[in-house]
Amino acid sequence: MTFNTAAAVLDWLGVIVFAISGALVGSRKQMDIVGFALMGTVTGVGGGSIRDVLLGKSPVFWVQEPAYLIVCVLVSASVFFAAHLPQSRYRLLLWFDAVGLALFAVTGAERAMLAGAGATAAVVMGVITATFGGVIRDVLGAEMPVVLSREVYVTAALCGAALFVALSLAGLPREISVLLGFGAGLLVRGAALHWGWSLPRYRGRPGRTLEEIEQLD
Amino acid sequence: MTFNTAAAVLDWLGVIVFAISGALVGSRKQMDIVGFALMGTVTGVGGGSIRDVLLGKSPVFWVQEPAYLIVCVLVSASVFFAAHLPQSRYRLLLWFDAVGLALFAVTGAERAMLAGAGATAAVVMGVITATFGGVIRDVLGAEMPVVLSREVYVTAALCGAALFVALSLAGLPREISVLLGFGAGLLVRGAALHWGWSLPRYRGRPGRTLEEIEQLD
Amino acid sequence: MTFNTAAAVLDWLGVIVFAISGALVGSRKQMDIVGFALMGTVTGVGGGSIRDVLLGKSPVFWVQEPAYLIVCVLVSASVFFAAHLPQSRYRLLLWFDAVGLALFAVTGAERAMLAGAGATAAVVMGVITATFGGVIRDVLGAEMPVVLSREVYVTAALCGAALFVALSLAGLPREISVLLGFGAGLLVRGAALHWGWSLPRYRGRPGRTLEEIEQLD
């Protein structure tokens, strides 16, 4: 029960911070309060919904536990009235997104293991759960997808999920595996945001536009 | 049986009007007739497919009932030959989208209740069913997402779904709950389109572009 | 067993060529190697995941068979070191996408038939399986969706899926139906790429921008 409580707390935190990041996109796009609520709710529960659907655990979690939805709506409404306070909403959005990324990388991987997935599938499920909430948010809000960001992003989710899976398979208590996995993911993404860490990027030429390609043909 | 017939009629209507809205995006992007058929079919059955998947009711409805697909293709082909007739296709698209929005808000909420969801989850499922057909259409067609539109949009789906759920829980006959919910959703969205209704929007500053953010850092 | 082997080979090939096309988008957007791996993996297993979810066959295939994921990651990493070799990555991307399109049109339709779907639903499932891997890739990579391409694209998937379903229902051996369906899809898309084939496009006026629409209102 201790573990279940800890896992639920992390799941809740992930939903809340992603809901805030979704509502912040609502503020950047000057939506009305219902738009904030939609962006917050879809971003908050999006990653977990994709996870549940891919794992065959449907109806998805929020159909049975509507409290997740109510919290997303309340959080989004608070952002509607407070989004003018931070100096850079985009910066804040990236930090909330970072916490959600680290949380969902671990909880996504764990749910996959509980559903019988092996180590590789569990790590990939963690990465997909962590990144696709943000993808849905950015697609709905017509923002540049965070997965294209210059600083390490997917890598952070990968570190967190992989460390969690490795420690779990090594037999460590779940609380410790969960917290170390979460910590690793947040540390990597946070350091990337703070110091501008990035992996070597593909050094070839960038893609040409379609017009340039057509002129060459 | 009367109810089942009425619900099926609304479902069919929703699929058809969303198929038309999808095919109209095909015409705006000057696709070929197969592109029209894809846009019409995906938009028509997209919202309901997401609903079924989230509720764990898969295979989704059109796998067992291919008539939905045939109608989507026929409707899209008709639009291919008739899309030059209306003076403003975008305006027409918004109206068909409005009818689909109101229909799917109610049928999505109802299916969720039949699947055992509580009031909150049912309302959210209605909103998601109503809005995500249009989201898929706009993403495929590289249009600006309708959920970002200035006039009330999500709010209309919310009103329809919430009224339907409230009336159902209050014990009203389903036919009446369905029709009032649908009417409320269409009225709100229609009035918004006609008179330009909008909720107070977030009044802070709009989001800066990524370039501006980088210059400030 | 021969058939199962043949089907599995095609499925594997489809996953690999789509993984390459995803990694090529990663190179066009100058991502790091983990970004390549995400783009390759999501594009490679995306179409099949949507197919499995819509058919109610979840957990999706790669949860039980992580080898698909490992291959996607290895393929993507190879592209990271070799993407500078081809003269036009976009051209190469389109050809790999074409092979994947033809493969998934057939395997998607076949899985639908095995799951009990009728002819129409099977054809549509083939088209959706074949096109949505590319859609996810283009959305994640902020590329113009291939479904909007001027040359026949959806049509090729439709030809392949429809021919496969027709031959299967006519009682031909599965190996032959699969190979002819795949051949037809690849031939149509390949010819379109090579000679610029296109169906008559919608001849009315293109869509106006939202600004133009607002000025007219």
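Order of writing sets the labels: A, B and C. Residues in every chain begin at 1.
The definition used in the following text is that a residue touches a chain if its C-beta (ideal position, glycine included) is under 8 Å from a C-beta of that chain, and two chains touch if they have at least 3 such contacts.
Source: prediction; values computed, not measured.
Chemist: More than half overlap in residue numbers between the two sides of the chain A-chain B interface, or less? Answer same or different.
Modeler: Looking at both copies, the contact residues mostly diverge.
Chemist: Given that chain A is a copy of chain C, what angle of rotation, in degrees and a multiple of 5, matches their CA positions?
Modeler: The two chains, chain A and chain C, differ by a rotation of 120 degrees.
Chemist: Would you kindly tell me how far, in whole Å, the mean C-alpha position of chain B lies from that of chain A?
Modeler: 26
Chemist: Mind pulling the residue numbers of chain A that touch at least two other chains?
Modeler: If we look for residues of chain A contacting two or more partner chains, we find 53, 58, 139, 144.
Chemist: What residues of chain A sit close enough to touch chain B in their complex?
Modeler: 25-38, 41-42, 49, 53, 58-60, 62-64, 66, 69-70, 80, 83-84, 88-91, 139-142, 144
Chemist: Using the touch rule from the top, collect the residues of chain B that touch chain A in their complex.
Modeler: Listed in rising order, the residues are 53-56, 58, 112, 115-121, 124-125, 127-128, 131, 135, 139, 144-145, 147-148, 152-155, 158, 198-208, 210, 213, 216.
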